[in-house]
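Attaching a single structure in structure tokens format; questions to follow.
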Amino acid sequence: QDVIRFGAPLPITGPLAPEAVKQQQGYDLWAEQANKAGGIDVGGKKYKVEIVYSDYQSNTPRSVQTTEQMITQDKVNFMFGPFGSGAAKAASTIAEKYKVPMLAATASSSQVYDQNYKYLFGTFTPNDTLTTPLTQLVKAKAADVKKIAILARNDLFPLAIAQEMEKSAKANGLEVVYFEKYAINTLDHSATLSQIKSLNPQWVFVTGYTNDLLLIRKQMVDQQMKAGVVTMIAGPAYQEFIESAGQSAENISSASWWHPAEQYNGKDIFGTTANFVKLFKDKYKLEPDYAHASAAVCGALFQMAIEKAGSLDRDKVRDELAKMDVVTFWGPVKFGANGQINSLEPPVFQIQAGKPVVLFPDAIKQGEFKLGVN
Amino acid sequence: MTRTNIALLVLITCVAALPLFGDAYALRLGTMACMYAIFALSWNIVGGFAGYPSFATAAFFGLGAYTTGILMNKGVPLTLSLLGSLVLCLLLAAALGAVLLRLRGHYFAIASLSLVEVFRELVNNATDLTGGGMGLNIPLVSGSSVLSDATFFFYAMWGLLLITALVVIAVSMSKLGFGLNCIRQNETASNMVGLNSTLYKAIAFGLSACFVGAAGGLYAAWVHYIDPSDVFDILYSVKPIVMALMGGLGSPLGVVCGAFVYLGLEEVVWRNYIQIHSGVLGVLIILLLLFLPHGLVSLHAGKIWRGLTGRKAKHV
Amino acid sequence: MSKPGHEILHLSNVSRHFSGLKALSDVSLSVNKGEVVGLIGPNGAGKTTLVNTICGVTPASSGVVTFDGRDITRIKTYQSARLGLSRTFQIVQPFAEFSALDNVAAAALFSQPGESLKSAREAARVHLAFVGLDAQANQSAATLTLAMRKRLELAKALAMKPKLLFLDEVNAGLNSAEVERATKLIHQLAADGITIVMIEHLMKVVLNVCTRIAVLHNGKLIADGAPRDIIKDPAVVDAYLGQQYAQRNAARG
Amino acid sequence: MLAIQVLINALVLGCLYACIAIGFSLVWGVLNVINLIHGSFIVLGAYLAWGAYNSLGLSPWYALLIAAPAFFVFGYLLQRLLLNRVITAPVLVTLTLTFGLDLILNNAMIYYFKADYRKLILNPPTGSISIFDVVVPVDRLIATASALALTFLLYLLLRRSKVGRAIVAVRLDRDAAVLMGVDVKSIYAIAFGLGAALAGCAGVLMALIFPISPLTSSAYLGKAFVVCVLGGLGSVSGALAGGILLALVEGVGSVYLGPAHAVTLSFVLLIIFLVVRPQGLLGRKGFE
Amino acid sequence: MLELNGICAGYGEIQVLWGIDMAVRSGEITALIGSNGAGKTTLMRALSGLIPLTSGKYVSEGVDLSKASAAQMLAHGIVHVPEGRRLFGAMSIEDNLLMGAYSRSVSRSELNRDLDRVYTTFPKLRERRNQAAATLSGGEQQMCAIGRGLMSAPRLLMIDELSLGLSPLLVEQLVAALRQLNSEGMSILLVEQDVTTALDLCHHAYIMDMGRIVRTGQGAELLADPIIRDAYLGVLED
């Protein structure tokens, strides 16, 4: 039986470990679907999908090492990128050297793509596509929001998105009364939050990974900090954030690249967004979030490109990816010259009654923006 | 020159033959092995000879990486940048060493550990120069193909290892090495016989930092992209110690063997156990410590013989 | 004083305290070249501290120390060693893993600039032979007996070619025969022109070798003079020697 | 007002830091072992509290009563069976051993609990009290009180009880303690067990305040290190002083220099402290 | 009180004691004299269970103690005051004394009575009871060490190097204290370099050399023996 091997480096241990689970679930779901359909059709011949996993211990140098190992030793045909912007950027150097197409499921920062590599593609639009609609929504719905405080984890993705936020806040006439980074591994934010509280911002914007956001949210409540708008990126899209934050998640707003409420009718193996959500729920008894979906769509995109190329030749598949212009359950997919997707319109949402409710774009809107976070 | 030092040079020479057999990934592993051997040898100058348990390896690795990265971004060629890393780490470590090495034992360990944190946060916050949390791109010094690239960096790292080993051997045979040995055994007495221990320790700390710094620079050029949490990873400090302990504290041959064996184990375990590799590695470390408390160098024929015949080894 | 000669060591008003505790207060003392000065005093009087202060191990809190006409109050230990001040430790401080030979070689090597390891080892053999440790030259210091380690201390101190030698209780814990041997060595050193300051509780040794005795009590110098006078000094008897000793001494005449 | 709020925050946080550090300090001070597994013990304690609350409905205060003996036994056995074999070896050997143990425990936790973050949410929530605009969260207050109580208990134990005196004696002079008839191996095991029990209890208390994940162990360990050195090794009151000092530096630093610099500041402070006063805030010179 | 039969012991592969036969009589002061490295300390360490015997046995009042641990020796009332005092420096005098009583399970009031007895023997200790042991002068430390030994309720007190590094005055005081304790019925085994003092104080003495007992006899008798004078007393005049 012929197989196509895909390499997927995952941060199974170390600080990013929770993300590894999501990515693996997304990849596995796609592989299962593809194999159930008989495999990938390459010029009339069916190939089974096999995904090779490895743990890079949330350590960027190791992700580079494992990428090379997968390409040279495990002889994978194609690569998925490691998690996040930093590792994807580092690993893409290897893919570029070996001329192996790499699809990064979770790299949004434009810095990842600024080397104009030919073999790297990513399914997250640039960070400003999240912050701009957010700002516009707040401007439109809460005119009295004048002051914003921004607190960012000092790490590639969270910091990049905070900087975008600062830009778009300034562009929209908001006053940025506080902009600070916090160190990775910070346990206590109470002093920082007390200070923010004393500045009386109407909008508090925080970035970080799920644990940072949970920590900060809890300590905001402890400090009895109230604000008209509280935005957190990227945790609130995750079910575990909502569960762990409980009551305090209410009215937190966020933005992400995908939402299960979207209604695309795709040409990929999953078809409609609803179908993807159903398949995912059946398999994992969980509501999928954007991280699951992005991993799955990466597989689906590879499948389409390979089938279109009708060959396993890496350059041909790469060219198909570069030319790609198609609608999927994830949304319309078209990559820019630098490899980053530029066709998505990321949704803005808010936690209401323990559920993420889409506020924007209007086409899939589920509810109205609510002010006031206690 | 002692027999073990000759054995060390022979071992390193053998490693140079790797490109004849291995592909690019093997070369990557070889490059890593050389890098860790440099760390372990360097650590041994302070930790093994002078007996000061330093955790500062990661600090100077990161510093060296960023120095080279920044210089290369300013158009300085690789060799000069590496020299820059080496000299900067040498001088800075010597200066810091003069102050920090007044501390003994645990206290020194903690202070050197804090150096890593301080350096990382300084680099993290000097956003204009280093890119901070956004990381730093380093221009490619690319050869033509994947393999020639890998070979280039392998030999570069190997060469650095050879230089490090030669320097360490020279130190071990010199007055400096003798003095560091005195300091380890009894610092009060060392001072009393006219040994300027502050100077000796500063030199030792400087030497133990400079090759680590150069290796950091080479690493940065090799991977093209660094960020603070990668290069100031505390594991770069811890692993050389584990390697030195596994190989045999104080013996240059031992620590290099320790480095190679540790990396070999890590690679095998990592490949075979996706979910539980770090646990398995932990078990191996513990078993090695319990059954080979004096390191691999103690594993010579006599020892095995005594072990088999059940006679107790002599403890001194 | 007993022997004429120029002043080699001078302390004026030297004090040293350890957070509140005054271990030395206003000690003024001078030692002339060629003298053998005994430094006695009750336990905790500050004798060891005085040596530490002179050698720069615990620098003086106030006061001035001069050696050979040079101010050495703030000098580093290793510098004092190179100037020709050497000492033995009350609690022996060998390089435990080194052989006896290398212990002494270290002393020769680092105290004299320009010495090479090879020539230091050669010099070390001579000093080991002098203290009678030549048979143990290759034995590691950790396995030597206490008496041998005390002799090793002495060999180390000698290898530094001292002008002024401090001996801190070199006889403590030695039996009478050993003490006698050590005393002979000290006599010989004095004859070679080395100035010696010795701290000692064994009065018979002190009386046997010292040309002068200084007495410390509670960090203060309470007496300084010829041995025969000192042991009759009531203050010294009260603080240090005890009535029994004085009586025995008086009985002997 | 901000100043007072920051000060209060720091006091409360300082006590929590002390609680994190105290077991670590005890083990380091008595056994001369830098116990790298301490952070993972704390996390395991937090899981215990989480599990007890979510599956048995047991409030964390009762979980303390389970955690203390359970961790004591765990620590006691670990020391008795494993660490005692290399206890006389140089410090780096025991350090490497605990490094290996930590790899195992942490990996096991990731394997069983998965790496996602959990949070113990009390129902109903405890809320915060505010006096003149100064806010203090009740759960932190309770945790602080418990931390102080634990600290005080340990202090009493070391100062007043026979076992406590033996622990101190072993720390000061192992051989002399043997001569007094002290069974050094079991005292070591008791000390390590106590250290583990304190870590477990700290974990239970931290579960109320911080998200729970195997991945936070290094953050706890880092804090324990700093607090312990600031306060003085093996000193109970020192841990408290060190904890509060650290919390103050972090708090003031993050307000006046920004939160990213607060960490740097605390480590720079640590280095300065080490060089100037290696015995720590309350350690006494010469009695290491 | 204590019978030693052919005791051999050492450190690892280094044998130090080569068949020691010795008897320590009840109610007497026994002195152990010998040149440096003769093995006196080693013998004491073996007797107190700090190092194991390689062969030989010792018996106290019919009980074989050859394999006893330090704690078991203490239980038999055999107490060792080690060379170099080995006080717990950061602990107060009183805590040091209480550590002496560690292996006994007695009531607080009995402990207080014993403390009182020690303080009566060494009044200086009562004065300084809360001072940290490390800050004491050498002689005070020696008193504290002996006091700590007394707190273990010894029937046989073994003291290694009684006068090491002590001023003549303090030696005088300690000797008086030991005489007093002995007159109250305590047996004492003493290692002492100052042969005159030791032979003067003891009832019986053993002389050790190279890990063997070479002479034994009554203190006064040995003191008069010219061979002993020659080998151990030296010619230095007092």
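When the chains are written out, they are named A, B, C, D and E in that same order, and each has its own residue count from 1.
One rule holds in what follows: a contact is a pair of C-beta atoms (placed from the backbone, for glycine too) under 8 Å apart; a residue touches a chain by one contact, two chains touch by 3 or more.
On a predicted model such as this, the values are computed, not experimentally measured, just so you know.
Compared with chain C, the chain whose C-alpha mean position is the greatest distance off is A.
For the pairs D-E and C-E, the count of C-beta pairs in contact is higher at C-E.
Taking the mean of the C-alpha atoms as each chain's centre, chain A and chain D sit 36 Å apart. A separation of 31 Å divides the Cα centre of chain B from that of chain D. For the pair chain B and chain E, the distance between mean C-alpha positions equals 51 Å. Per-chain Cα centroids separate chain A from chain E by 76 Å. Taken residue by residue, chain A touches two or more other chains at 12-13, 154, 181, 183, whereas all remaining positions touch fewer. Residue positions of chain B with contacts to 2 or more other chains are 121, 124-125, 275, 277-278.
Of all residues in chain E, none touches 2 or more other chains. Across the interface of their complex, chain E is touched by residues 21, 40-45, 90, 143, 145-148, 169, 172-180, 183, 201, 203-205, 208, 239-242, 244-245, 248, 252 of chain C.
Within the complex formed with chain D, the residues of chain A that make contact are 12-15, 17-18, 20-21, 151, 154, 180-183, 185-192, 194-195, 198, 210-211, 214-215, 218, 221-224, 240, 244-247. Those residues of chain B whose C-beta lies close enough to touch chain D in the complex are 47, 53, 99-100, 102-107, 109-111, 113-115, 117-118, 121-122, 124-125, 238, 241-242, 245, 249, 275-279, 281-286, 289-290, 293. Across the interface of their complex, chain A is touched by residues 23-25, 28, 32, 121, 124-125, 132-135, 137, 146, 149, 223-225, 227, 229-230, 233, 235, 270-271, 274-275, 277-278 of chain B.
Interface residues of chain C, counted against chain B in their complex, comprise 55, 57, 76-79, 81-82, 86-87, 89, 93-98, 102, 106-107, 109-112, 116-117, 140, 142-143, 156, 159-160.
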